[in-house]
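Next come two complexes built around chain A: one with chain B, the other with chain C.
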Partner chain A sequence: MNWNRRQVLWAGGGMGAAALLAACGGGNDAASSGSGGKPRKGGTLRIGALGRSSAIVRDPHGVQGNESDYLVIALVHDTLTAPGLKDNAVGRLASSWKPSKDLKTWRFTIAKGATFHDGTPVTADDVVWSLRRLRHTPAGAARLPGMKADHITAEGKDTVVVVSDFANAELPVMMRLSTFILKKNTPDKDMAKAPGTGPFKLDWYRGGNARLLRNEHWHGGQVYLDAIEVTMFESPQAMANAMMSGQIDVASNAGPVAARTADARKDIQVVRRPDDMAMPVVMRTSGGPFADPKVREAMKLVVDREAMVKQVLSGYGTVANDILGTADPDYAKSIPQRHRDLTKAKKLLKEAEFDLSRTYELVTTEDVPGLAESATLFASQAREAGVKIKVVKQESGTFYQKTWLKGDLYTNYWGTNDSLVFFASKTMTTGSGENEADWSDKGFDAAYHKAIAAADPTARTAALRELQQIEHDASGYLLWGMADGIDLAAPKVHGLPKLPGYGRVQLENVWLAR
Partner chain B sequence: MTATAVRRPAAPARRSRPRILAPIAPAALLVLVAVTGPLLAAHPLDKPVTEPYAEAGGAALLGGDQLGRDVLSRLLHGGSALIGNALIVAVTITLLATLLGCFAVLSPRLGRLVERIADTAILLPPVLGIMLLALAWPGGGRLAITVVAIFLGTPYAVRIVAGAAAPLATTGFIEAATASGERIGHLALREILPNLRATVLALFGLRFVDAVYVISMAGFLQLGPQPPEADWALMIRENGAGILLNPWAVVAPGLAIGLLAISVNLAANALAPATARRAALR
Partner chain C sequence: MLLVLLAVVFAAIELLPGDAASATSERGEGAAGVAARRHLLGLDRPVWERFWDWITALPTGDLGTSARGERVTDLLADPLPNTVLLGATAFVLTALGALALGLWAAARPRGTVDRIVDLTSTAAFALPEFVVSVGLLLALSLWTGWLPAATVTSADGSPASWSMLVMPVLALTIPQTGWNTRIVRAALADQASTPHVEAAHLDGLPTRRILLRHALPGAWPAIATGVATATGPLLGGAVVVETLFNYPGIGAVLAGAVADRDTPVIAGVVACAAALITVVLLLADLVRARTLGARP
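After this line comes the complex of A and B, so read on.
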């Protein structure tokens, strides 16, 4: 029986079947026990990811709203650095990096033996071209903060020099996001099919679904899977159903309700990745009803965080303290946890002369499981303090056009949460690219620059502590909790990523037991 | 003389009281429960009382919904708005259709116009109309849905009334009244309308069921009521994800909508004489 199944798998995978037959001939029965074992080569992984056909973005340097597109792009293309188990940034396409003494000039060395899928080696010119292209996109300023396109240059064949506008000890962390490297002068129209350097190469892509084949020559090491089939699902529910009926092997980011449903099933494993998703409520700080810091503090005191985690996330998450970047090693656990205090909230609202007769709109979407529910529950909790909030659900496209970065009060989500500096540079320093609450605080900016300019770890930690205190006290973010990332997988799937955020798309270590 | 001949069939068709009461009772009971529901609910409709999608039993008789709110309490809260809304739609459509239909058979020009508009409107699915309005009038909520339901339901209903009234318009007593110089208003309201009672009643029942269907559909598409409102259709939509954890969160509001539609139709059927019912369904 096993024999037949294996043959079927290989027929599906299609590559190097004969060699694998020989390799597995020795037998490794322990691998199927589900407790790990020796990785085995071969097989096709069928993975489901969320996405909407109306939001498909194929350009690696575009803003991918679809989890499915992002997954495909991240498997085909390598970023310069990636999140690691111990460090916030480990090498991916860049094997090493070195800063100058003043922490302004950084030299990145490209990994030895790195080639594109068509066989041509990766040169510094390709990297420079890709980074400059990324910098020139509308979101470029937020993705490569403080790095001008002209200040990214090549030095020889394998070294890229980046000169930052200011001292930045965290520059490698910034190089994790969307720094997908393509061949120099790839025309815009060929972006979707352009060869990458990643562990898998694109076989085909049709309307959100894709098939990827193993890159035998990946510079990062051995890849086990023959192929990955990505299926796009419009709703978490549809994805969970496909998982339950065995149509897919892995449901990526399926959400807590699906996890609880799967708990009753012995044939599905639930993988929890803590600190995966931040779902903050964003309050506009530069104008509107929440411009007064006292009002914002009151709102942060109104929310019942424990209840939010319990009811919205079914307990699959942790309470947070209005500071984004909860998985950072320098996250300040010493700042006292804010708890619900309706008396104090009411007092603050009174002092700020907050208009309690008005009804305020809280805009939300159904993009990730639990987001709309969090808005509904928050609205009901706020009513207990006399603040009338009406939840308005928007379609994803409308939300990003009309509400995001502009609205007075809206819910949002972030999938990368292991860096305080990441959030500070992208969303909180004055004039940053994606300043969602339009916040500007001189003390915060100063603490940020002090932190990223610090070469000494102790000084850096102290500056980050100050930064977090200001963020906790005054920013426009109400962060009530962190959702665990929850993947569902069939028992035969091993080596699934355990890291939150970007880590979830690193599937090169996955292997299938018989 | 001719007038009595036309009116007569309604009288012998009347059935005995208990036989009429039996089909009306479920509708009356359901409406009563829905209206008094908020008073019977054990828990507030927007506060979590148990874990999300908790199984039925214990504190919550029908379990919890997506946020751990009591399904039963929300079910009791959610009916009155739907029934009230459907009632408004059904009454308005029936009134408009009766008036227009009576006038349409007497004025050929109005008759043709009504016919053309009705042909177009019948072909247009309500869901399309609702979505168009949702685009044009974002945040219209229940009011927008009510307007669409009335707008799309009326032409069809006018045709039914006109169809039932057409034979009357050619009867001798109308011709006699026309010959004696009565105005069109008098003809429509005093001569034709009283003979259409049965049709109008059957029409009302059908329009109510249709209104429940249109409003529920809009609720399911999240175009009408918004969270945290406890609307039956919205409950089905919101709790779909947890159907395996607590089926009642979806099944109970679904049953409620189904029962409402069936029982009201049953009641209207019982009240309207058989001949008129057939005319209305045609």
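After this line comes the complex of A and C, so read on.
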């Protein structure tokens, strides 16, 4: 019951912390819940979000572990870009951007009329100061990869110039990650109360709970809600109880168990955000029993994906095809779905001379719901192909110290809809920092470099297709499915975001029916 | 005593796998970043050195800084009063309840009431806070809708309504009352066999008068000590109860800090809890000393 939210958020934060908060710039109707007629102005939304009082961090550039804090920060502060439905990055505080021919120099134009909550206009200096501050945090290199702090400069009042270390067509996508903009020279001690440029401004914050008021002058357009009250919940159970007893209007990221309970009730909407979380099985490719690509392919053929989705995720999810980044618009739907094929798996194992007399350990944690269950179910499915797997549960801290990045066979999770390129660059290219399967493939690296250096969309899509094919065929990831993100909401709540990952905190389009 | 306890806390956290730097790092941070933060947090120094720094700053009211860079005193400023409110209310209720039930049962030894109280108090004590909490939640909130299921905080950091205190307090009180009723009953039974109480009986005084005037005064020391020891379990139970009812108390801070291996926060909570328990035990001792007519 007491999962470690930090890990969920870690995953969600992905390369950086505060990450994919922020809105898709309004008007993205398809990305929201319910129709319910014409949006109405007014009302207070009471929303519950998970968090731990010991993990409270108020600095927008800090290592936030709490979803509740993310939510507050993302509503108060804008990022430069934000995740969108059709594009990986849409404008937020930046209204437009333009690369140089070599894709190394990017110019971001600040949205017209953007002001801080105290009325002062946002200048390029503010953005440069904020980005450099972010870059100087301990995880700064991971948050703004390939961007040196000195290479972020201002050009005039409203243009920010970022010079990347390498050609990078995905740079605007990086700018949707935790690039919260504050006023230049905001002292560290004032971070918690510093004015932002977001759709809501802070009324009060106390111990993880907050009240936010509408920013009447938001550059991004009309905001409907008068106020948002955020309540932090230590346990998902308590949050679900509060939802059932009508104390809150929205339970953010409540999970499949709560959804199952709520499904039976007419007075609660279950909002599903597809492609929210990946829980792959990771096989070490550089050594150990799974180093042979044939063995890995066999394991990918052993898993019964439909059964996994049905049992592990209670059906709140979709089958996946061993490619990470399922919500990317360039995700290759044309690559045939891998299905269970025990005969072929056995044949491959035989060819690879896989030792079937041994028992292999699959290490897992209980960090997110369903993760340990996925390991157990997979182990029993593998048994049908003659592969003996013993599930070993590790406590989160131990797992990250001893198993993550090192183990032969373990479960992991990524709580966001990050792009194909994100996963490729962070977890699969040769020598990348979080290469969980320790995988190295020349063809893959080449396809990756082709993709990020491609200015022409067609060439880029082609390179990404190639990259995905190699990933599907040979990588150390067995991605059996994608879990839906699940929010619970009262019937009067409309316009909730349907984007996966931290798209869920984009609440400026939400409105309440009378 | 407190010093030893805190030293044990420091040592115990050291023995847990993982440390605060890795537990609170970001996934993208990389080994070098984690090492830098480890240095920043002083985790590369020997544990006794860190303990010494922390303990010498303690008298000045400085509880150190959390692994996430927040001041521990700030982290505890809101939750501590909330837990004290919860614990103190439960403490008073459990003391009054136990006293009332104990006296009621003692009025007719081996009578129906005595047997029922004996049975239910044992049962109540055997129930973990968790079970009581879930039972209360179902009965008083989810089925009937009488009380709010979770605690929502207002701008000053305390529960938004008194009604949110009812279930957490009851969840703590019920098991403890079970235990304390047995103590009260036993202390009164001991007194019943003393000569002066027997004499009062033979004099034909009313039961009520005997219990209150003759038996109870002698039973006070035992009762006070017994009830005072409830402070520990009450605070321990608060960890569970606070999580279940989302009560913004110190238990939640502690649980999270242990997961983060956040030594200064854990030690800070332990120090506060130990201080509370010490004060209550001291008060119990004073009651004892007064009744027994001696000064400690």
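Rule of thumb we're sticking to: the second predicted complex is superposed on the first by the 350 of 514 C-alpha atoms of A that agree within 3 Å, B and C clash if a C-alpha of one lies under 4 Å from a C-alpha of the other, contacts with A are read in each partner's own complex, and residues count from 1 in each chain.
What we mean here is this: a residue touches a chain if its C-beta (ideal position, glycine included) is under 8 Å from a C-beta of that chain, and two chains touch if they have at least 3 such contacts.
Here the structure is a predicted model, which is why all the values come from computation and not from measurement.
J.: For A:Gln247, using the defined touch cut-off, is the partner it touches chain B, chain C, both, or neither? Pick first, second, both or neither.
T.: second
J.: Under the stated touch criterion, which partner chain does A:Ser380 make contact with: chain B (first), chain C (second), both, or neither?
T.: A:Ser380 sits against chain B, while chain C stays out of touch.
J.: Can A:Thr261 be said to touch chain B (first), chain C (second), both, or neither?
T.: A:Thr261 contacts chain B only, not chain C.
J.: Is A:Gln237 contacted by the first partner chain B, the second partner chain C, both or neither?
T.: both
J.: Is A:Gly156 contacted by the first partner chain B, the second partner chain C, both or neither?
T.: neither
J.: Residues of chain A touched by chain B versus by chain C: which partner has the larger set?
T.: If we count touched residues of chain A for both partners, the winner is C.
J.: So, A:Pro457: does it touch chain B (first), chain C (second), both, or neither?
T.: A:Pro457 sits against neither chain B nor chain C.
J.: Could you tell me which stretches of chain A are touched by chain B in one complex and by chain C in the other?
T.: In chain A, positions 237 sit in both the chain B and chain C interfaces.
J.: Can you tell me which positions in chain A touch chain C when the two form their complex?
T.: So the residues of chain A in touch with chain C come to 2, 4, 6, 10-11, 13-17, 46, 52-57, 59, 62-63, 65, 138-139, 141-143, 204, 206-209, 211, 231, 233-235, 237-239, 241-242, 244-245, 247-248, 395-398, 400-402, 426, 433-434.
J.: For the complex, which residues does chain A have touching chain B?
T.: Listed in rising order, the residues of chain A that touch chain B are 236-237, 240, 255, 257-258, 260-261, 307, 310-312, 314-315, 369, 372-373, 375-377, 379-380, 383, 390-393.
J.: What residues of chain B sit close enough to touch chain A in their complex?
T.: 46-48, 51-53, 66-68, 139, 222, 226-228, 240-242, 244-245
J.: Using the touch definition from the top, list the residues of chain C that touch chain A in their complex.
T.: Counting only chain C, the residues touching chain A are 16-18, 22-30, 33, 36-37, 66, 68-70, 75, 78-79, 137, 141-142, 145, 148-150, 152-157, 242-246, 248, 252-257, 259-262, 265.
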